[in-house]
């Protein structure tokens, strides 16, 4: 029977350790969260997903805090408890204030409400929006 | 049989016209998009939802562009075509660049992927995240 | 290449015709809507799903209109255009008024909002609710 | 670090206490469930959401029990554990019988099944439904 | 107040026992999992759903392992903890290897990502796909 | 205003053309479907997603047809019209028969039903499943 418990650094293969090392170096931390330690059971998934996260969540046209808040909004909409916990912590570590979190929650709630209203009423797209 | 076509200003009741007027004044525009014109078939819904949107989407601890981008991210996750069209237009009107939209799409896609991975692997929440 | 166009009565096999006949007899109508005509490409699915619908949507502890309105609420939440159209028509045929539809939409929208808030805030279940 | 534990009445600000008072008066109860006590961390959200719930869930064209059952159906579809617990309790308090709950579950399950079938088969909307 | 605890064989009515017997005979096991023991509170649901599962999950044009893996993929996408646990166990019992599970997770994650990208970008369906 | 129309090969930058070339070489075809032509507006997304798809959908512990059918199942559950069209075509090109498609649809529908039932009933996970 498979064991999907988190794989600690000391137990990990060199391939997995190299990803853990890169996670810690990129984030300038001395620990790795459980998401990666569980993905480590399938090193190909671990390497691929970390490579994607590293590229997508880097500073760019959007700042890292904005990206984290978008991540939180989606994680709530998808009802992923782990993701809400980890990305909320990430957003707070990047400077999200309680007032910002309160407004984020308000937008998340209301967007989910109006999304259903637009669908339920079958609102036709305005011509001006079709021009993008 | 009910007709849920958008209700134009000229056809609207005074109660509905008052909401349309407030929408245009708040947004400093001279038109109202179809979402409101369809909700107008049920004036109680129109008034209540507009009142919520006006409060939640106002400038605050989060700026209006950030709020619009969060709205877009949720609308994509919920698959609401009308909402994607209207809030993408809103985000662009508030200054979202194509580079920002590209990165927003990258975060939306990847968050939806890692949300499923965290759920599918049943990743246990790290103790440090429980402290929030 | 497969053709999934609706299968009309005249073109249907006897097995499919028998289901169509039962649908029309049960509903006291002289036509069959496209959902069934498309499922007819896989008669096992057609028979099984119709048998379920016939049993579940019958009058019982809940009346048929209440059941149709619940169906509409779920179809909106799941964003199924066909289902919204067909079950809204069904609810109206069973007596749903425009005022009822307006309130149904209000509940659908608000439930989707508060669902996300409860998840996003990680609200702990009250002890009294655990007693059910 | 933020503390999102439920805020009890005695610890609450006057603004929050006023909402708690209105909740108890409206429901004719002497307690407030955790949903509101957690939202109380952001009083603007607490006030706004309570104001919406009070309006939407009131007796109207639909009776309160029907509204609660629709709420339960959506909460199940959205997979919100807290919401299922609280609104099921609400529905039972308003008179939902076990037989009604059993039929509600049957409709919820089957609607989620046929929603996917309609989407997966790409069923075209019947002309008669377009007339609404 | 209703008790939705699993109903054990000894406590069950003859109608429920007959379904349990058929589950064990069909699966060639000597126990019944909690899903059925909870549905047993509403025997009509128990009988109907078991009848569906027995028919749909049987060997056919698709083998039982492929069907279980599809079930797992959907359960993850819908975030159903019980379903992930039970159908993962089912897939492993039918021979799913850890390498297969790793690839299944990769497909589940990536499909959820590209689903959102296709929706968010509003990709038009290629003519060749419309021919099916 | 942004133009998100598909970018044809002739109009594409060398970076984009290189991805198109790799798509066609990997699939042994002489055309590229619209998903990639729209992602091409953000070459970083195009390159990253294609790299993921190429790795994940390759033959491995699971065969390509099984992977495509899992993709179809998720796309239906997420209600992505483009994805249903493109991956159904992909599955058929890889040998999916109509009988297999019919059974796939049956599993997709039923899994979505039982997922909701397990959530709505709050079924406790059996101890034997916790051992995985």
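Per-chain residue numbering starts at 1, and chain names A, B, C, D, E and F are given in the order in which the chains are listed.
The rule is short, and it goes like this: a residue touches a chain if its C-beta (ideal position, glycine included) is under 8 Å from a C-beta of that chain, and two chains touch if they have at least 3 such contacts.
Everything numeric in this text was worked out from a predicted model, so none of it was measured.
Trainee: If we look at chain A and chain D, which chains touch each of them?
Mentor: Touching chain A as well as chain D, we find B, C, E, F.
Trainee: Look at the interfaces A-B and B-E and say which one is made up of more C-beta pairs in contact.
Mentor: If we tally the C-beta pairs in contact for A-B and B-E, the bigger total goes to A-B.
Trainee: Quick check for the class: compute each chain's Cα centroid; which one is farthest from the centroid of chain D?
Mentor: F
Trainee: Among all chains, whose Cα centre is located farthest from the one for chain C?
Mentor: A
Trainee: Looking at E-F, C-F or D-F, which pair matches A-D on over half of its contact pairs by residue number?
Mentor: The pair repeating the interface of A-D is C-F.
Trainee: In angstrom, rounded to a whole number, how far apart do the mean CA points of chain A and chain E lie?
Mentor: Roughly 27 Å, centre to centre.
Trainee: Based only on mean CA positions, could you tell me how far chain A sits from chain F in angstrom?
Mentor: About 21 Å, centre to centre.
Trainee: What whole-Å value do you get for the distance between chain A and chain C if each is reduced to the mean of its CA atoms?
Mentor: Averaging C-alpha atoms per chain gives centres 34 Å apart.
Trainee: Could you list which residues of chain B touch at least two other chains?
Mentor: Within chain B, the residues that touch at least two other chains are 1-2, 4, 41, 44-45, 48-49, 52, 56, 77-81, 92, 102, 105-106, 108-110, 112-117, 119, 121-122, 132.
Trainee: Can you list the residues on chain F that touch chain E in the complex?
Mentor: 4, 6, 31, 33-35, 38-39, 41, 45, 49, 52-53, 56-57, 60-62, 66-67, 69-71, 73-75, 77-78, 80-83, 85-86, 88-89, 92, 97, 99-100, 102-104, 106-108, 110-119, 121-126, 128-130, 132
Trainee: Where on chain C is chain E touching in the complex?
Mentor: On the chain C side, the touching residues are 1-4, 44, 48, 52, 55-56, 131-132.
Trainee: In the complex formed with chain B, which residues of chain F make contact?
Mentor: 1-2, 41-42, 44-45, 48-49, 78-80
Trainee: In the complex of these two chains, what residues of chain B are touching chain E?
Mentor: 72, 76-77, 79, 81, 84, 105, 108-110, 112-117, 119-122
Trainee: Which of the residues in chain C end up touching chain B in this complex?
Mentor: Listed in rising order, the residues of chain C that touch chain B are 79, 92, 98, 101-102, 105-106, 109.
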